[in-house]
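Letters A, B, C, D, E and F mark the chains as written, and numbering starts fresh at 1 in each.
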Amino acid sequence: MIDPSERYRRHHGLDYGAAWAGLLSFAGLPYTESPDELAGVDVAIVGAPMDELVSDLPGTRFGPRAVRAATPTSAYHLEARIDWSQVLRVVDYGDAPVLPTDAVASHRAIEATVTEVLAAGALPVVLGGDHSVSEPDVRACALHLGRPVGLVHFDTHTDTASELYGRELSHGTPFYRLVEQGHVDPARYVQIGLRGWWPEEAELAWQAERGITSLFMHDVRELGIEEIVGRTLGIVGHGPVFLTVDIDVLDPAYAPGTGTPEPGGMTAIDLLWACRTLAAGLELVGADVVEVIPVSHGSADLAALAANRVVRELLTGLALRRRES
Amino acid sequence: MIDPSERYRRHHGLDYGAAWAGLLSFAGLPYTESPDELAGVDVAIVGAPMDELVSDLPGTRFGPRAVRAATPTSAYHLEARIDWSQVLRVVDYGDAPVLPTDAVASHRAIEATVTEVLAAGALPVVLGGDHSVSEPDVRACALHLGRPVGLVHFDTHTDTASELYGRELSHGTPFYRLVEQGHVDPARYVQIGLRGWWPEEAELAWQAERGITSLFMHDVRELGIEEIVGRTLGIVGHGPVFLTVDIDVLDPAYAPGTGTPEPGGMTAIDLLWACRTLAAGLELVGADVVEVIPVSHGSADLAALAANRVVRELLTGLALRRRES
Amino acid sequence: MIDPSERYRRHHGLDYGAAWAGLLSFAGLPYTESPDELAGVDVAIVGAPMDELVSDLPGTRFGPRAVRAATPTSAYHLEARIDWSQVLRVVDYGDAPVLPTDAVASHRAIEATVTEVLAAGALPVVLGGDHSVSEPDVRACALHLGRPVGLVHFDTHTDTASELYGRELSHGTPFYRLVEQGHVDPARYVQIGLRGWWPEEAELAWQAERGITSLFMHDVRELGIEEIVGRTLGIVGHGPVFLTVDIDVLDPAYAPGTGTPEPGGMTAIDLLWACRTLAAGLELVGADVVEVIPVSHGSADLAALAANRVVRELLTGLALRRRES
Amino acid sequence: MIDPSERYRRHHGLDYGAAWAGLLSFAGLPYTESPDELAGVDVAIVGAPMDELVSDLPGTRFGPRAVRAATPTSAYHLEARIDWSQVLRVVDYGDAPVLPTDAVASHRAIEATVTEVLAAGALPVVLGGDHSVSEPDVRACALHLGRPVGLVHFDTHTDTASELYGRELSHGTPFYRLVEQGHVDPARYVQIGLRGWWPEEAELAWQAERGITSLFMHDVRELGIEEIVGRTLGIVGHGPVFLTVDIDVLDPAYAPGTGTPEPGGMTAIDLLWACRTLAAGLELVGADVVEVIPVSHGSADLAALAANRVVRELLTGLALRRRES
Amino acid sequence: MIDPSERYRRHHGLDYGAAWAGLLSFAGLPYTESPDELAGVDVAIVGAPMDELVSDLPGTRFGPRAVRAATPTSAYHLEARIDWSQVLRVVDYGDAPVLPTDAVASHRAIEATVTEVLAAGALPVVLGGDHSVSEPDVRACALHLGRPVGLVHFDTHTDTASELYGRELSHGTPFYRLVEQGHVDPARYVQIGLRGWWPEEAELAWQAERGITSLFMHDVRELGIEEIVGRTLGIVGHGPVFLTVDIDVLDPAYAPGTGTPEPGGMTAIDLLWACRTLAAGLELVGADVVEVIPVSHGSADLAALAANRVVRELLTGLALRRRES
Amino acid sequence: MIDPSERYRRHHGLDYGAAWAGLLSFAGLPYTESPDELAGVDVAIVGAPMDELVSDLPGTRFGPRAVRAATPTSAYHLEARIDWSQVLRVVDYGDAPVLPTDAVASHRAIEATVTEVLAAGALPVVLGGDHSVSEPDVRACALHLGRPVGLVHFDTHTDTASELYGRELSHGTPFYRLVEQGHVDPARYVQIGLRGWWPEEAELAWQAERGITSLFMHDVRELGIEEIVGRTLGIVGHGPVFLTVDIDVLDPAYAPGTGTPEPGGMTAIDLLWACRTLAAGLELVGADVVEVIPVSHGSADLAALAANRVVRELLTGLALRRRES
C-alpha cells in the first residue's frame, strides 16, 4: 500500500499535499492493488473502466481516473461537520483489470475485484464505466450476502430492457437481468429521476408487474427531494441495499460529460443531499457511480466533479451512520 | 423519401438503428426534399440554417444539423406515456436553401419552404438559424391562414426593435416587423423569460402600447411555470398560434451554445414542460426553435440537445392534443 | 481617456458599436489609466489579474480581460428598468500593474491602484484575480476610510485559514488576515453560500469566536434567497461595507471556469438578484468579483459572463440607491 | 435518390448550395440507401461507423458523419486541374447498418453493404470506423473478384497481430486475418508510415516471412514521398489493389482526432499527393479511410478534414486514370 | 494616446509588464483611436473585425482582439537580431467601426480608417476580419497613392471569383474586383500557396489572361520557399506593393482557427521567413492578415498566434529595410 | 512498489493491460514512492508538478500526470527494434512533494527527490513543471557528481536571463543561474531550436562571452537535424551531460499545450530522432522534459503525447547504448 501523503509528511511535516501531485488516488487515499492489504478496511474504492456496452457516446473507460482527479483531498464535510476519514478507514483499491473489446471478461474481472473487497469485510464503491458494470457490482454483493439486495437507483433511464439491438448484455439491461436472476428484490427497488424517451411501454409494464417503484422527474419536481428520499427510505426499509447513481440523472448542465444526457434532470444540490441522507439512513452494502465521460481534466470536468462529490457524500453518510451506531 | 430505418429492417429485422448511423434526419424520421412527398404528413421539420443577421456571436448556420444529431431516435415520452410517432406522421423536410451572405434571399427561401409545408396541410417546425428566421416562418403561416396569428415567445430579449445598428433586418427586429405588418395579433402575443440588458424603454413602451404581454424572468421565478403557462393559455385563447423558442431563454448553464447568452434564465425542466403543455393546449399552426450554435457534437452539445427536446415536447403535446380530439 | 463609442459617433452617428470592436473596456465604458482623469467619476472598474496564490487550477490572471469581453455594451436593466450609465459616471480604469511570480509586489500594486480610485472619490469595483486580491482591495478601503468595514462575502469556502501549505499569503487566507488586521468588523461580516470540503473545524471555530455570520448553502436552499438577503441587510446594517463575490459560489453549472469548483451551489438568478438588492440597500464602499478562469472567449465563457453580470447588477443597485437618495 | 443541389436549382438556379445546408452527404453528392439506385454508378461512398474493437480512445463511430461534414462541396482539383464530378458518377450510399455493441453483426453488415456496391459494378470507398472495418471491406472485394487483392496500407501500426488482449477480432488484427484467409496477396502488400511502439518482434517476423513490404517513417523521411510511391507502384504492380488509409499515419499535428495518435508521422501534403498518385497509377478496386474521431464540428475538425481530402484525392486520381484510359 | 507600459514604469520602474494586464493593444504598443495622434507614426495596426461575407465558418469578427492577445510584448527578433520598436514608431490604432450585419457600411468604415492612417504618413497593417476586408484595405492604398499597387497574396484560394452565390461582395471576390477596378496591377500580382478545390477553370483562365502569377503549393513544395520568394521579388519589382496574408495559406495544423481550412499548406517557419524577407525587400505600402477565427484564448490560439507573428515579421522586415536605407 | 501489470497477470495471464486502467504510472511501469525500493533501478521517472514561476500561461502543474496518461504501455521501438524495458530497469518514482504557491520549497523538494534517485545509482528523468525545475534537476546531478555537467538544451528561449520582472527565480533564468553557480560547463552547453522574441542582446552577449553554443531554428532548417546532432555530439563530447527539453521547442502545431508557444519550431519527427540519438551517443546523467500544459486528456493531448515520446526515445537511446556497451 502506498500512502500519497507520506512524502509530504517526510519532506514538509504536512499531512496533505498538492491535489495534483503524487500517486493518483481518490481523495489522496492510501492505494493498494493487493487483496492482502484490505484487512481492516471499511470502504474500498474500485474503478470499473469499460464502455464497450454503450448505445451512444463512448468514453466512460476514462471515467474512474477522471473521478479520482477531481480534487480536493480533504474529507471534512462543511455542512455535516464530520470528517469521514476520521471515522472510516477508506482505501483506493485501483481498477478492475478490464479487457478492451471483451465485455464478458471485463464483467468477470469487475465481479472478482468487488468480491475481493467484500471478502475482506469492506464496502465497495465502484466508479464506472458504463452502467452495465452494475450487473457484476450488484451480483457480487448479492452472492456474497447469499440473498437479494434492495436497490436505490438514480437514473434518467430504467436500464431494464430485456435486450437492446438484439443483445442481452448492454448498459440498458443490467437491472432487468439482476431482478430476473434474483439478485435484486423488486419490492425494495426504487428508481429516482426517470425522464426522457426510453424505454417504452413494455419495460414499464414489466417493472410495474414486478413491483418496482418508479419515481419520475416530475415526481421529484412536484414532491421535492425530501419527500422523495423519505418515500425511498420507507420502501427500501431494513436489510442490505445497493445504491447506484447514473450521473445522467443530473441535468446535463450539472454533468455534461455523459453518454446519453437528457435535459430536465436533477440539480447537484438535490442529488448530493439525497446520497448523503440515504447512505446515513440505509444499510448500504455497496454502491457505484457510473457513466462519467471526461471532457476536460482535473476539477474542471463537471461530470467527474459531480461523481467525485457523490462518492464523498456517500462516505459522509456512512460516517454519520457509523458515529451514531 | 428515404426512411433511415429501412436498412435496419432489411439487414437486422429491427425497426431502429444506431443513432449515429445512416441519413441524418431529426429523430431518424423519413426524410424528403420533395414537396410532392408531403401529402398526408402532419408535421414537417424544416431547417433554416442562417446567421447573417446576428449582433454578437455567429454560428447558428450550423444549428439545424446539430439539433438533428442530438440523439436519440425513439419517440416514447416517459412521463406523458405517449409515442408521438404512433399518433402523428412526421417527416424531416430538410433545410431551406439559404444563400450565404444574402439574408434577403435566405428569408425568401425559408418562407417558400415553410409555405410548401403549409400548402401540403402539414404543420411546420423550423430549426434556426438566428431569430430573424421567425419573420418568414410566422409570415408564411399568417399569409397561409389569411389572418394574424397569436404568438407565444420564449426569449431573453423581446426582439422588437424597429432597427438595430441602423438596419431594419436583424435578429433583434422580427417581432416588431411581424406586428407592424399585421401578421401577429399583439393582443394574443405573450413573451416569457425576458431579462438582461436589451432592449430599452422605447421598445418596452411600444410593446405596452400595442398590448403585448411581457412575462419577465422575475415573473417566472415568483409565479412558477404553471401559473405562467396558465396565464399564457388564457391570453392566447382560441385561434391559431405560433410558438417561437429562442434557446437563450434558458439559463446559459442549460444552453451555453447560443449567440447572446444571459445568466439568470429558465431551467430546462420548466421550458420542456411548458412547451409540451402549450402545444397540447393551444391551436398551434407552426413553431420554431432558434439561436442554437453548436460547440460540440452529437448529444454532447447542450444547446442542440435542449432544442432537440423542445421539438420533441412540442410533438408530444401535439400528439396528446390529437389523441384527445 | 478614450471613449470607445467616439468612433461610432464620428463615422455612423451611433452611440454604440459592435461589442467586439474597438478598445476592450468593461461594457464599452470610457477607459483611462491616468489617476488625473478620475475626477468626478462615481465608479471605476479595476482589474487585478494575478493567480500566483491558488491551491488548485491557475488561470485567473486572464480573468479581467475575459470579464470585460463578456458582452453586451448596453446598460439598461430590463427588470429594474433603470440605465446605470444615465445615473452614474463609470469608467474602466484598466488593470493594476501586477508582476508575474511576485504576489507581494502585485498585492502592493493592486492596493495602490484601488487607493487611487478611492482618493478620487470613486467607488472601486475590482475584477480578480484569485481571491487573495480581496486583501489589498479591502485594506485599501478600510485604510481610506480610517475604520473597519462590514463585509458581505459570497463564496463556497470561507477563505479564513491562518495559513495554507504553511504559507500565510494565499487565496485561502485573506479574510482571516483582514479580520485580524482590524480592517473588517467581524460583527458586520456575513458569508453566504458555504459548502463542500474546506476549511475544517479550526477555522469554523475561529469564525464563531469572532462573531462572523456563516450562511451555508443548506441555509440558502431552505430559507430562500430573499430571507438570506434580508438577514444580511440586518446584520450588516448601516456603515461602510465591502462586497466580495467569489464566482465559485455559483454551482459549477453556472460558472465552470473557476479554480476550485464545488457542485451544489447557488443559481445565477439568485446571485444576480442578491447582488443588486444588496448594492441598493447597503452603504457600499467597494466590491470585487474574483476567481474567474476563462475557458472560452467572449460571451461564450460562462464564468466570465456571470461575473460581468454580477458587476452590472452592482452598478444597477448603486444606480437605484443613487436615484432614491 | 436525393440530390441535395436540386433545391438550390429550383429556388435559385444555382448548381451548388451552402455547404452546411440540406441533406448531409459527402461533397453534396446525390444520396441513396437503395441498392437498386446504384446502377451506372462509378464510385459509392459508404460509412462504417463502429468503434467497438479499439484498444484506446473510442469515438470513430462518429467518423463518417464528420468526414461528410468537412466541407466544401466543389470537386475541381486546383493543382491537378480536373473536376472528378465531371468524369465519374459518384454517390453517397449512406452507412452500413452497424449494431451498437455487436462487432460481429456490424462487420457482417459492412461486408454486405460493400458487396452491394461491388455487385452494382461500382468502386466502394469506405469511411471508418475503427480499422477493423478493413476486414469486411477487403474481404468483400476479394470475394467479389474471386482472388486475393494487393494492398497499399498507410498506417502508424501494422495491425497484423494475431490477437490483442486475447481476442482475434480487433482493430489491431485485420491484416493478419486477411492475409491468412487468403484475401490479400502478401507479395503485393505495402505498408507505409510505420513507427512508434507496436507491434513487436513476433509480428514483424511474421510479416517478413510472408513477404510483406514495410516502409517505416524513417524511410519516408530519408527517401522522400516520391520514391516511396514509386517503390509502392513497382511492388504492387498490375492487378486489383485495395488502398487503406489509417488517418493516424499523419502526424497528430495534422490529425489530432484519432484513437492511437503517434508523433513523428507524415505531413498532409505528402499523404494527399501520394493518395492521388497511387489512385491514378494502380488498378484500384476499393479503398477505406479509417480511425477518424471527431473532436470539433464541420471543417474545423482536422482529422475529419484530412480524411475528407484523402477521399477527394482518391476520386481525383481515379478521374485522372479514367480520362487517360 | 494611452501607453500601457506607463503604469509599469510608474509603479515598478519597468519598461514592460505582464502580457495579460492592462489595455489590450498589439504587442503592448501605445494605443489611440484619434487621427490627430498619428503624426510621426511609421506603422499603425488597425483591426477590421467583420465576417458577414464568408462562405463557410464565421467568427473572424473576433480575430483582431485575438491577434492582439497573442503575447508576448517584446520586439527583439532573435534570429534577425533587431528590435523593431527601436527603429520604427508603431501604434495600435484600434478597430475600424464596423457595423454588424452591414458589410457595405463596414467596408466604408474600414476604408476610411485605413485612409486616416495613410493620410498621416503611416503604413497600415490591418488585422481581419474575413478576406473581403482586403478590398477596402488595398483600395485605400491605391487611391491614396493615385496609382495601382503590386500585390503579394498568400492564400489557399485565389479569391478572384466575379461572384459567389450570385453576390459580388464576398470574401471570395476581392481581388477580382480590385484588379478590375484598376487598384491592383495584375503584372505585379503574385499568389502563393494555392491549393484545394476552389475556384475553377473560369477564374484561373481570367487570372492567366490578366497576367497574374500563380504559385501553387506544389510549387512551394518543389521549389522551396527561397526560390518562391526570389521569384516574387523579381516579379513585383520596384514600386508600391501591398501584402495580404490569408492565414489559411498555412496548413490547418499551424492555424486551425480559420473559416475554410485546407490540408496540405505551408509551414509556419516558411511563411514567417517569407514575410520578413518580402517586407525587407519590397516597397511595402500596406499589409493585412486575415481570416483568423479564435477558438481558444491568449497565446493558446494557434491561428491568432501565427497571425501575430506574421505582423511581427513584417515589422521586423520593415525595420531591417529602414536600418539599411 | 506496485506493479500495475500484476493484476492482469493474476486475472488474465496477460503481461499488459488496458492503457487507461489501474495505477497511473509512466508506461505502466512499477511505481514506488519509497527511496528504499530504488536499489537496482537504472532509470527513475520523477514528476515536478509546479508552475508558480511562469511569465505567461500557467498550468504545467498538471503536466506530469498528463505525460503519464499519454499511452501506450508498450516499450518496443518499431524503428530501433529494441525494447527498452528488456534492457533497463525503469520505475516511476512519483512526484516530488511540491508546495502550492511556494516555489522555493518546491525547488528544494525537487532537488531532494532527484538526489534520492541519484543516490540509488539511478538516472533521473524529470517531468515538469515549468522550466525553472531544471535548476534543482541539474544542480542535484552536478552536486552528486561533484563537477559541472554538460548540457544539451532544446528550447525556443535561452532561459538565461539574470532576472525577469525583477526576480531572480523564474522559468526564464535557470540556465544563467546554473552556469553562474558552476553547475553547468558553458563550453559543453549547446542550445537547439532558439527563435522568436526573447531574450535580447544582453543575454545573447552573456552567452557568447561564456562560450555557450547557440543553434537557432534557422540553423536547424538550413543544416538539417543530422548535422545539428552531429555538431552537438562534437561539442559536448565525453563526460557527464544533462539533457533538457522544453516542449515549446516544437512548433505549436506539434505541442499546442505549452505556456509560451512560438510558431516556426521543430517537427516532432526531428526532435524524437535527435533525443534518441543523443541519448545513445552521450554520457547522460539526467534529463527533464518540461512546460507541458494539458488541454485535453489521455493520448489526445498533443503536448503531453510528444513529451511522453521524448522520454521513450531517451529510454530507447539509453537501452541502445547499454546494449552496445
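Going forward, contacts are C-beta pairs under 8 Å (C-beta built on N, C-alpha and C of every residue); 3 or more make two chains touch, one makes a residue touch a chain.
As the structure is a computational prediction, the values presented were derived from the model and not from experiment.
The minimum number of touch steps linking chain A to chain F comes to 1.
Contacts with chain A and chain C are shared by B, F.
Matching residue numbers shows that A-C is the pair in A-F, A-C or C-E whose interface repeats A-B, with more than half of the contact pairs in common. The angle needed to superpose chain C on chain E by their Cα atoms is 180 degrees, rounded to the nearest 5. Averaged C-alpha coordinates put the centre of chain D at 38 Å from the centre of chain F. Chain geometry summary: the mean Cα position of chain B and that of chain E are 41 Å apart. Chain D has its Cα centroid 55 Å from the Cα centroid of chain C.
Counting partner chains per residue, chain A has residues 12, 14, 18, 20, 55-57, 61, 99-100, 105, 165-166, 251, 253, 298 touching two or more of them. Here the touching chains pair up as A-B, A-C, A-D, A-F, B-C, B-D, B-E, C-E, C-F, D-E, D-F, E-F.
Those residues of chain C that touch chain F in the complex are listed here as 51-59, 61, 99-103, 105, 164-167, 169-170. The residues of chain A lying in touch with chain B in their complex are 55-57, 165-166, 194-201, 204, 216-218, 221, 251-253, 256-257, 260-265, 295.
Against chain E, the residues of chain C that register as touching in their complex are 2, 4, 6-8, 10-12, 14, 17-18, 20-24, 31-33, 47, 49, 61-62, 64-66, 69, 94-100, 105, 109, 112, 294, 296-298.
Chain A meets chain C in the complex at residues 12, 14, 18-20, 71-72, 74-79, 81, 83, 251, 253-254, 267-269, 272-273, 298-300, 302, 305-306, 309, 312.
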